[in-house]
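Two complexes come next, and they have one chain in common, subunit A, joined by subunit B in the first and subunit C in the second.
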Partner chain A sequence: MNKESRLKASINQKLTETGERDRLKELLRAKLTECGWKDQMKAQCKEVIKEKGLEHVTVEDLVVEITPKGRALVPDSVKRDLLLRIRAFLTQHAS
Partner chain B sequence: MSPAGCSHVNGYKVDNWKQNLRVIYQCFVWSGTAETRRRKVLQSDAGWTDLAKSCICHMCGAHLNRLHSCLYCVFFGCFTKKHIHEHAKNKRHNLAIDLLYGGIYCFVCQDYIYDKDLEQIAKEEQRKAWKLQGIGEKYTTWEPTKRELELLRHNPKRRKITTNCTIGLRGLINLGNTCFMNCIVQALTHTPLLRDFFLSDRHKCEMQSNSCLVCEMSQLFQEFYSGHRSPHIPFRLLHLVWTHARHLAGYEQQDAHEFLIAALDVLHRHCKGDTIRDDNGKKTNNPNHCNCIIDQIFTGGLQSDVTCQVCHGVSTTIDPFWDISLDLPGSSTPFWPLSPGGDSGTVNGESHLSGSTTLTDCLRRFTRPEHLGSSAKIKCGGCHSYQESTKQLTMKKLPIVACFHLKRFEHSAKLRRKITTYVSFPLELDMTPFMASSKESRMNGQYQQSVDILNNDNKYSLFAVVNHQGTLESGHYTSFIRQHKDQWFKCDDAIITKASIKDVLDSEGYLLFYHKQFLEYE
Partner chain C sequence: MKMEELSVSSLDNSKLEALAQDILSDLVEDACLGLCFEVHRAVKQGYFFLDDTDQESMRDFEIVDQPGLDVFGQVYNQWKNKECVCPNCSRSIAASRFAPHLEKCLGMGRNSSRIANRRIVTGNNTNNKSESDQEDNDDVNDNDWSYGAEKKGDVIFLHLLNSHKGVRCLKTKPD
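Now for the complex of A and B:
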């Protein structure tokens, strides 16, 4: 593993240990529901299911189609808020 | 999607599988305690082999590529990079669990499967983890158990809502010239967002006494949706109104518009228990920024721009409003002369028959620039002296429910009379031309006509009309309300009758209630 992935892994470790990762997940979940992103995704999924047919569609189909759209549609404000929160956490736990 | 899962799961359901599965959920999917979280990251205890070093892919070390855990042995692998697929093929281990969401993947079926027993365990472990994390119970869609389905089938009060049913409709007894109150109650109980708020029991009362009007409203909704067909007697509501709005007490006829404003005001004040809390659980302290249900539904922002005629500096204020009071032609205040081939005369599809005034005409007059005259000079901040100016009103923020009050009752020093001029109003209304933003773009020379048509934000639908018949001295209020999208009913105190859209649109109109067609997230 190179330096960057080692850093990523250790940040992840810290976040998981302290429970912050779960808290961030919940926060993100709430924000994405509030701003309507979740409903947008639901609508997109329905489109894909209609396209592929209810009997033949797999979760993988949905993942492949929805992931890029989902990533693009996350509002900047949500990204900003999460980033600030993670930064604050790292500053607090700098070792 | 059958809760019976796939046949390949049966190979898994042997020995101590339930306990093993629970451990996986507790340690790696939904870790509730600090202990289990540590296990996720560090070496786990003797129950697992030494390979369970950390929650990362055993082939590439990544933790973010949809990590899955094999259900038959201790192996973690990326789904995205197909590492878990390789493992499944090599070892013939057909089942894996998604560590992010807890779903079970079957490599033979090549899809996630939903087995009732496995789902049961997953749900229980998730609930346990939420509890440990302090999140408590979360909203999940209700899946009735067998017992619950039985109970529902045996409930005599079960009601099926079809397009024809009249649930929510109920007459109101007139307690002595209280038709002014009855018609407003009909309008409010048929305001969809308000109905949803009360029927989901969202009011948390913080008043010590029994005189909370919001609680009484809640009761009222219960009465209206109870399925009782006999008219309701709103004596408690009347008493509370008399208590909190003294100026409306007494048995003489009152003004329905005044009652609406007074009622909204009292409801807004009594909603204190429902103010939202911020992320830290503290009540938002700002008295001007109340977020009670009344404000959320009814409060709009009216922008007033005063332009100095000398330096052309603009002074802007924004005031909250619950209704828009519109002057009518034939009143002592001069109305805008109607131009026969007027621009955007049919912007809202109103019947412009032989010069009859439309609601849009009234709104155009309301938002026109008005020269304030030499006797009403305003002190200009730019010129530092009193100058003549023009004032213009536009809508800065539209409420979800817009109430238009046609000023039919004239109470000037000289005369008291009722203006019965017919004003035609549309079923669907587009407020775009009256918005502050539209005015700005017009001033900047941009004609956003085509964009505005695509903008759904300012489109409204009529859902209630309050009418007054008679004279100023003796009259009677009735209302039309909309049910199930396109069915209208006339409410005349205790008598409810079916009405046609034509009946509604041909009526005189005193208070017009419009609801936003599309609700946006903030």
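Now for the complex of A and C:
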């Protein structure tokens, strides 16, 4: 287990160092906007805001409500594309 | 002492997949958090609901879907049958043909100089009453091929003939 967590740490470091993590973030954001996920989630946010009140809503409120829904609503195609890219990175950097 | 192998290739497929899923999970979470912060800031700064309009305005500007009208509700082919009088030649022209007619009539626009040039050249060839001097006409006639060959095929054919002059014909070889 220890070896794996160290491996994971070194992979994460490589992701950041090569700039791939930022590229992946941008890619994911673009795809999520494109497929309408962002608009969907914004609508969800509106619900939370109406519930908690415009003046009193906190980041925590939003995070707690939105994150689980957000994860569930990511389309499979987007997940597939990202996974392909990640796997390619992993095999490419098999040191 | 053996160095422990720390490479991705040492992982089997299922573990590789799990690692990829973990990374994806992190990225998705990051995107969600980013959205939350974005929305929260928009709420506190007061611009979150800015793109919503009230119901009444929404109804006023709703998309029109009737035959003969465009999406704004305007009639779009009402100028089809109208006629306009050209200020240059005082002819009555159909509205949809008006702009191209003006281009040629006024001598402005992209093609009018080309058309005028063509007309000058073919004009010189067909009617010999010259607007230019006699000398100029003689010069024109002295050349290898006539300047009146305006058709593209003619120009290309004559050019080929000219360039063929120096080449031996391969078909008829001397014995």
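In this text, the second predicted complex is superposed on the first by the 92 of 95 C-alpha atoms of A that agree within 3 Å, B and C clash if a C-alpha of one lies under 4 Å from a C-alpha of the other, contacts with A are read in each partner's own complex, and residues count from 1 in each chain.
We adopt the following convention: a residue touches a chain if its C-beta (ideal position, glycine included) is under 8 Å from a C-beta of that chain, and two chains touch if they have at least 3 such contacts.
Owing to the predicted nature of the structure, the values given are computational and were not obtained by experimental measurement.
Per the contact definition in the header, classify A:I49: touching subunit B only (first), subunit C only (second), both, or neither.
second
Which partner does A:C35 reach: the first (subunit B), the second (subunit C), both, or neither?
The first partner, subunit B, only.
Give one of first, second, both or neither to describe whether A:V59 is in contact with subunit B, with subunit C, with both, or with none.
both
Looking at A:L82 after the superposition, I want to know if it touches subunit B, subunit C, both of them or none. Which is it: first, second, both, neither?
After superposition on chain A, A:L82 lies in contact with subunit C alone.
Please tell me which partner, subunit B or subunit C, touches more residues of subunit A.
C
Just to be sure I follow: which residues of subunit A are touched by subunit B in one complex and then by subunit C in the other one?
Of subunit A, residues 8, 12, 58-59 contact subunit B in one complex and subunit C in the other.
Hey, which residues of subunit B end up touching subunit A in the complex?
31, 34, 37-38, 40-41, 54-56, 61-63, 103, 110-112, 133, 135, 520-522
Where on subunit C is subunit A touching in the complex?
Listed in rising order, the residues of subunit C that touch subunit A are 4, 6-11, 15-17, 19-25, 27-37, 39-40, 43, 48.
Hey, which residues of subunit A end up touching subunit B in the complex?
Subunit A reaches subunit B through residues 1, 5, 8-9, 12-13, 16-19, 22-23, 26, 34-36, 58-60.
With touch defined as at the start, can you tell me which subunit A residues reach subunit C in the complex?
Answer in residue numbers: 3-4, 6-8, 10-12, 15, 21, 24-25, 28-29, 32, 38, 41-42, 45, 49, 54, 57-59, 62-63, 66-67, 70-71, 74, 79, 82-83, 86-87, 90-91, 93-95.
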